[in-house]
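Structures incoming, each one as C-alpha cells.
Okay, so chain A shows up in both of these, paired with chain B first and chain C after.
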Partner chain A sequence: MKSVKKPKIAVWKFASCDGCQLSLLDCEDELLDVVGAVEIAYFLEASRATIKGPYNISLVEGSITTPHDAERIHRVRRVSKHLIAIGACATAGGIQALRNFADVEQFTRMVYPNPQYISTLNKSTPISDHIKVDFELRGCPINKYQLLEVINAFLNERQPLIPAYSVCMECKQAGTPCLMVSRGAACLGPVTQAGCGAICPAHQRGCFGCYGPKEAANPFALAEYFKGGGINDEKLVRLFRGFNAFADPFRQESERRQSPEPVRD
Partner chain B sequence: MVLLDRNTLNQMFEALAESGFTVIGPTVRDNAIVLDRVNSINDLPVGWTDDQERGAYRLKQETAGAFFNFTNGPHSWKRFLYPPQLTLFNARRRNGDIELIPEKPTDEKFALIGVRPCDLAAIGIHDRIFLKDHHVDTDYRERRKNLFIVAVNCLNPGNTCFCTSMGTGPTAGTGYDLVLTELFDEDQHHFLAGTGSVAGTKMLEKLSAPPASPALLHHCDEMLKEAATKMGRNIRTDELADMLRESFDDPYWQEASAACLSCGNCTMVCPTCFCATVEDVTDLTGETATRVRRWDSCFNGEFSYIHGGILRQSTLSRYRQWVTHKLSSWEEQFGSSGCVGCGRCITWCPVGIDITEVAGKFWEKKYPSRKKAATKRQQPREVLIPVN
Partner chain C sequence: METKNLETMTLNRTIRVKNLARVEGEGGLYVKVRDGEVANVQLKIFEPPRFFEAFLRGRHFSETPDITARICGICPIAYQMGAAQAMEDALGIVVDGSLRDLRRIIYCGEWIQSHVLHIFMLHAPDFLGYESAIHLANDYPEIVKDALALKKIGNEIMALIGGREVHPINLRVGGFYRIPPQEEFEKLQERLIWGRAKMADMTRLVSGFTFPELERDYEYVAMHHPDEYPLNEGRLISSKGLDIAISEFENHFTEIHEEHSNALHAVVKERDGYFVGPLARFNLNFDQLSDGAKALAEEINFLPPCNNPFRSILARCIETWYAFDEAIRLIENYSPPAQPYVPATVKAGRGYGCTEAPRGICWHSYSIDSEGLIQQARIVPPTSQNQRTIEKDLQQFVGRYLSLSDEDLTWQCEQAIRNYDPCISCATHFLTLEIERT
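On to the complex of A and B.
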C-alpha cells in the first residue's frame, strides 16, 4: 500500500479562553477519525510536540489585542494554506471587545498595579481585520459538529454547510415553542446566526446571540419591539453587547441605543 | 353520527395502539399545546385553553375538563408527515465507483388525533403537491398511506383564526377517518362522532356507541354555524390574488416588511409551507456521504442563491415573496390558496406581523370606501423578561 501523506492541521491561539480549542478535544469519538484523516501538527492545548509548517489548515482561535499578536498573525497566515477563524473572539473580537466601547488605559490603570508594563491595543479586533481569512466559524464556543463539518469540507474541497440563517430555524425544527410568543421573553434568536442547535430556548432561556448576527439581520426592528414591551435603551445596549458586541449589526444597534434618538439607517 | 363518552374515546386510543398506530395528538409542554405522542385521554390538554394574539400565546388552565377547548398551537402535522430532517440516501465509494444505498422509508403508522378543519385542508394541499402526477414524494406517500385521521371541529375559534375567510372551517370538510365535535358543559361531556372512511366506520363499530338524536345533531350544526362568525381575523379573498400579482412595485411592501426580522418562524409554523433544501454530509475521509433533506424557508438568504449570488437580498423581497406566494401565485401553481387561515403565522411571529392586516391593506387601498377587510386588534404589550 502506498503511504499517503496526511494533511497537516495547526491550531493557533490568540486572545481567547481556549473554549473553542476544547471543542476540538471534546470531539472524543470523532477525534479518532480526525487523527486518522489528518496530522495534528501544532496544537499546544493537546500536545507539546510540534511539527514545522506549512500547514494545510490552520484553525485560529482568539482576537488580536496586542501589537505582538498583530504581527504574529501574519506569520501564521504565511505558513497556512487555508486559514479558518474559529469562535466569537476570532470572528468578532469576542467579549474582550467590550473594551472597544471604553477607554483601555483607564482599565489597565484600574486592574494592574504597574500599568506601564502592559502593552495592549485600544481595540480587540477579529482576525479578518488583519489578514485574509478563508472561513469564519462562529460561536461562543463553536459547535463541535460544525467544526468537524468545516474541517471535513476543506479536506474534501467542498463548500462547508454552515447556514447563515436565524437561530429560530433550528429552534422551530427542534419543536421548541417560541419563548418570545409563549412567555414574552426577550430572545436574540431572530437576529442571531444558527449553529448552536437553539440550546437556550430549548431550556427556556432567550438566545444570548453567541453566534453573532445572522445574514440580513434586522436588530433595529427587534430592539424596537423589545422597547414596546418595556425594555429600555440601557438594557437594550447590554442585550446587544455580549460575546459578539463588536460584530457590525450588533455594534451599530447598541451604539444607536446610546444616541438620543434611535433612527434606522 | 354516534355519541362517544370519555371512556369510549379512550378505547379508541387503545384500539389504535393495538392496531400498531403511533398515536399523535395535542399535549401540554413548554407553556404551549404541542403535538406529540399521546397514549390516552389523560395525555390530552385536559382543562387547558389558550389566549392568542399577534405575537402572543398564553396557556390557561380552565377549571372545566374539556379536551379540545383550544385552537392550534405552534406545531402542525407536517412535523410527522414531512419531517424537519430526513435522510434520503447514503453513498459510499466502492472499487473506484460510487454505490448508492437507499434509505428505507419509515414503516411507522401514524394516527393523528385532533386535526382541526384548517389543518385537514393543509394536509389536502400537501396531498396534491406530493402525491399528484409524476412528482411523487415517496417518503410522504409511505407516511400518508397508513394514516388514520381524527378531526375535531372548532366551536371556539381563536383570535388569530380566519378559516371562514379561507373556506376551510370551522367544520371539517373531507379527508378524515373520524370527525368529532366536543360537547362539554356542566352535566355532559360527549363527543359527537361521524365517519369519513371505511377505516373510520370500522373503528366506530368497534367502539359500539349509541346513535345521536336528531335534536343533538341540529344543536351541533347551529353551534358550528355560530362558530363560523366568531373568527378573530378575516380577509377578503375575492380579487386578492390579482391585487397581489400586480403589487410587485407597491410602496406598501416597504411599510409591511419594515418590522420583519426574516427569522423564518412564519414559514416554520405554517402547515402548508413545505420548502426544503438537500444537503450532502461527508465523513472526514470522503469515503461515505449522506443526503439529508431539511426544512428551508424563503426568508433565508441561501434559499434564493443562484450561481454566484443571493437573488432576494432584502427582507422586503423575502416578505413579499412569502405573502404573494401564499395568497396569490400558489393558486396558479397548485390550484388553491396556500393559506388555510390557521392563524399560526400571526400568533407565532415573534414581532406579531399579521398577514391578514397586510392583505387587507391592498384591499383597502383599492376600495377605500368599502368595509375594512382585516380585523385589527390591539397587540398585548406585556413587559418582556430581558435575558440578562
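On to the complex of A and C.
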C-alpha cells in the first residue's frame, strides 16, 4: 500500500489572548480525528516539536502591533500555501486596536514605568493589511465548528460555508424574541455577522459585535435608530469600539459620532 | 525549538530557547554560564504589549467584564470576576447567596478546563518524555482521551453558566444577565460525578511520575477564606506572615519593569519575588480543602508543606479533583436566585477585586467617576507575579545540571518553567529559551 503524506498545518500567534488557537484544543471530541487527518507541524501552544514548512494551511491568530511582527508575517506567508486569519485580532486588529484612536506613547507611559524598553507600532492592524490572506474567520472568539469547517474546506479545495448574514438571522432561527423590539435594548445584531449562535440576545443582552460587521452593514441607520431611543453619541462611540473597532464600517460610524454633527458619507 | 550549541559541556556556554512551547503566549529563555557558574537567567517576554489599563480609561464600568476577558482566552473568568467584583466594591453592592454560588461553580469550570489542559496537554509530556500530548496520544491514547473528556466537562460548566467556553457573555457587574436553566444542572451533575472519579484515577497516575529535585525557600502568596478553599474571595496571606485585605495590595507589593521583558515583575516590598498558583494555595489552604480532596492528597503522599515546584502538577491535580467535588456540592445545594443580578446605582468611587485565577492571584483596582466612567485601572495578572521566582528557580536548577547536553538541559529548563503554567498573554499586558555558555 502506498503511504499518503498528510497535509501540514501550522498555527501562528501574533498580538492576541490565545483564545482562538485554544478553540482548536477545545474541539475535545474532534481533536484526535483532526490530528489523524493532518500533521500538526507547527503549534507552539501544544507542542515543542516543529516541522519545517512549507505548510498546506497556516492559521494565524493575532494582530500586527510591533515592527518585528510586521516582518515576521511575511515569512509566515512565504511558507504557507493557504493562510487563514482567525479571530477579531487577525481580521480587524482586535481590542488592542483601541490604540488606533489614541496616542500610543501616552498609553505606554500609562502602563510601563520604563517606556523606552517597549517596542510597539502606533496601530494594531489586521493581517490582511500586510499580506494576502486566503480566508478570514471572524469572531472574538472564533466558533470552533466554523474553524473545523474552514480547515475541512481548504483540505478539500472547496469554498468554506461560513454565512455572511447578520446575527438577526440566528435569533430568528433560534426563536429568540428581538430585544430591540421587545425591550428597546441597544443590540448590534442587525450589523454584526452571524457565527456565535446569537447567544447574547438569548441571554437577555444586546449583541456587542464579537463577529464584526456583516456584509453590506449599515451602522449609520442603526445608530440613528438608537439615537431616537435616547442613546447619546458618547455611548454610540463606545458601542462600536469593541473587539472589531477598527473594522471599516464600525470605525467609520464611531468616528462620525465623535464629530459634532452626524453627516452621511 | 532552536538551541544554539556553542561549546557544549564547557565551563562557558550560552543556551537560548528562541520560542518556548507549551506555554500560553510568546516568550523565551536566555541562560549564560561563565566559569561553570550560572551568570545570568532571563525569562524573556516578548508577547506584544496590548495596553488594557490604558484603553480602559473612559470606558463604562459595565463594559469591564467583557473587555478584560480579552486579556486571556484560557482564563477569561478570572478577569471577568475580578473586574466585576472590583466594580461592585466601588458601587457598594454585595453579591451573595445563590448568585455567589453560581459564580463559584463557573470558576470551578474554568479551573477544570485550564488545569486539565496544563496537566495533561502541556506539562505531562515533559515527565513522560514526549514532545506534546499529540505525540503522547500515539502511545497512550487512553490518557489523552480521558484528559480531553475531563477538559470538556470544565468547558460545559463554562458554556452552561457563561453562554460559551471562551470569553463567556453571561457575566456582569452584579451577577448574570440570565439565570441558567435549572434542568441543565441535573445533566451536568451526572457528568461531574463521572469526572470526579476519573480525576482521582488520573491524579494517582500523575503521582507515579518522577519529579526532579529542586527546593527553595519560597514566599507563597494566596488568598485565604476561613470557610472555603480560595477561589473568588478572601484575604491575602503569605508563608512569611503577610495577612492583608485585598485593598492593601499596593502597600505591600510592587512591580519592577526589566528591560528583557514586556511583563512587569512583581515583588513583595522589602523582600523579593514570591510564588502564586496551585502550590501556593495548596500549602496555605490545605485545611480548607474538602475531606475527599485531603484524603486523595494523603493517599498519594502529597502533603504540605511541599517546596518542590516540580510537584506543583500534583497540587494542580488535587485542585482539579476539588473543583469537581466543589461544583457537585454547590449544585446539590443550589436553588435559583430570585433575580439574575443585584442592581447598582452609579456613583464615583474606587474598588478592588482579587480572585484565584488557575495560575494564581489576579488583582484589579479601578476608579470610576459619577457617570460610571473609568478614571484609572490597574490589573496585576498571576504570571508576572511568578516571573522572578521562575528565573531564580532556573538559576539554582541549571547550576546543578550543567553536565547535561544543551538539548537535554534546554528541555529540563522548559519543564521547570512549565511548573508555573505561565500564561504569557496575561503577563503582557510573556517566552523563547536562550542558554549562553560563553
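FYI, the second predicted complex is superposed on the first by the 265 of 265 C-alpha atoms of A that agree within 3 Å, B and C clash if a C-alpha of one lies under 4 Å from a C-alpha of the other, contacts with A are read in each partner's own complex, and residues count from 1 in each chain.
Going forward, contacts are C-beta pairs under 8 Å (C-beta built on N, C-alpha and C of every residue); 3 or more make two chains touch, one makes a residue touch a chain.
In this text the structure is predicted, and so the values were computed from the model without any measurement.
After superposition on chain A, the partners chain B and chain C are accommodated together without colliding. In the superposition on chain A, A:F14 makes contact with chain C only, not with chain B. By the document's definition of touching, of the two partners only chain C reaches A:C196; chain B does not. Between the C-alpha centres of chain B and chain C, as viewed from that of chain A after superposition on chain A, lies an angle of 110 degrees, to the nearest 10. By the touch criterion defined above, A:C187 lies against chain B but remains apart from chain C after alignment on the C-alpha atoms of chain A. Of the two partner chains placed by the overlay, neither chain B nor chain C lies in contact with A:S80. Once chain A of one complex is fitted onto chain A of the other, the partner contacts of A:G230 are limited to chain B, with no touch recorded for chain C. Shared-chain residue A:G175: touches chain B; no touch with chain C. In the superposed pair of complexes, A:R205 makes contact with chain B and with chain C alike. Looking at the shared chain after the overlay, A:R238 reaches both chain B and chain C. Residue contacts after overlaying the shared chain place A:T125 against neither chain B nor chain C. Smallest inter-chain Cα distance, chain B versus chain C, after superposition on the shared chain: 5 Å. Counting contacts as defined above, chain A residues 204-205, 208, 235, 238, 242 meet chain B in one complex and chain C in the other. By the touch criterion stated above, chain B contacts chain A in their complex at residues 29-32, 34, 55-59, 73-75, 79, 84-85, 258-265, 268-269, 279-286, 294-295, 297, 299-302, 313-315, 318, 347-352, 381-388. Remark: chain A residues 13-20, 22-23, 25-26, 28-29, 31-32, 35, 40, 44-50, 65-66, 68-69, 94-96, 98-99, 102, 104, 106-108, 110-114, 117-118, 120, 140-141, 196, 199-200, 202-205, 208, 210, 235, 238, 242-243 touch chain C in the complex.
Put simply, chain C touches chain A in their complex at residues 1, 19-26, 46-55, 57, 59-60, 63, 66-67, 70-74, 76, 117, 121-122, 131-135, 137, 141, 144-145, 148-149, 151-152, 155, 163-167, 169-170, 172, 177-178, 255, 257-259, 261-262, 264, 340, 411, 414, 423, 425, 429. Residues of chain A touching chain B in their complex: 30, 33-34, 36-38, 148-149, 151-153, 155-156, 158, 161, 163-166, 168-169, 172-173, 175-178, 180-191, 204-208, 214-218, 221-222, 224-226, 228-231, 235, 238-239, 242.
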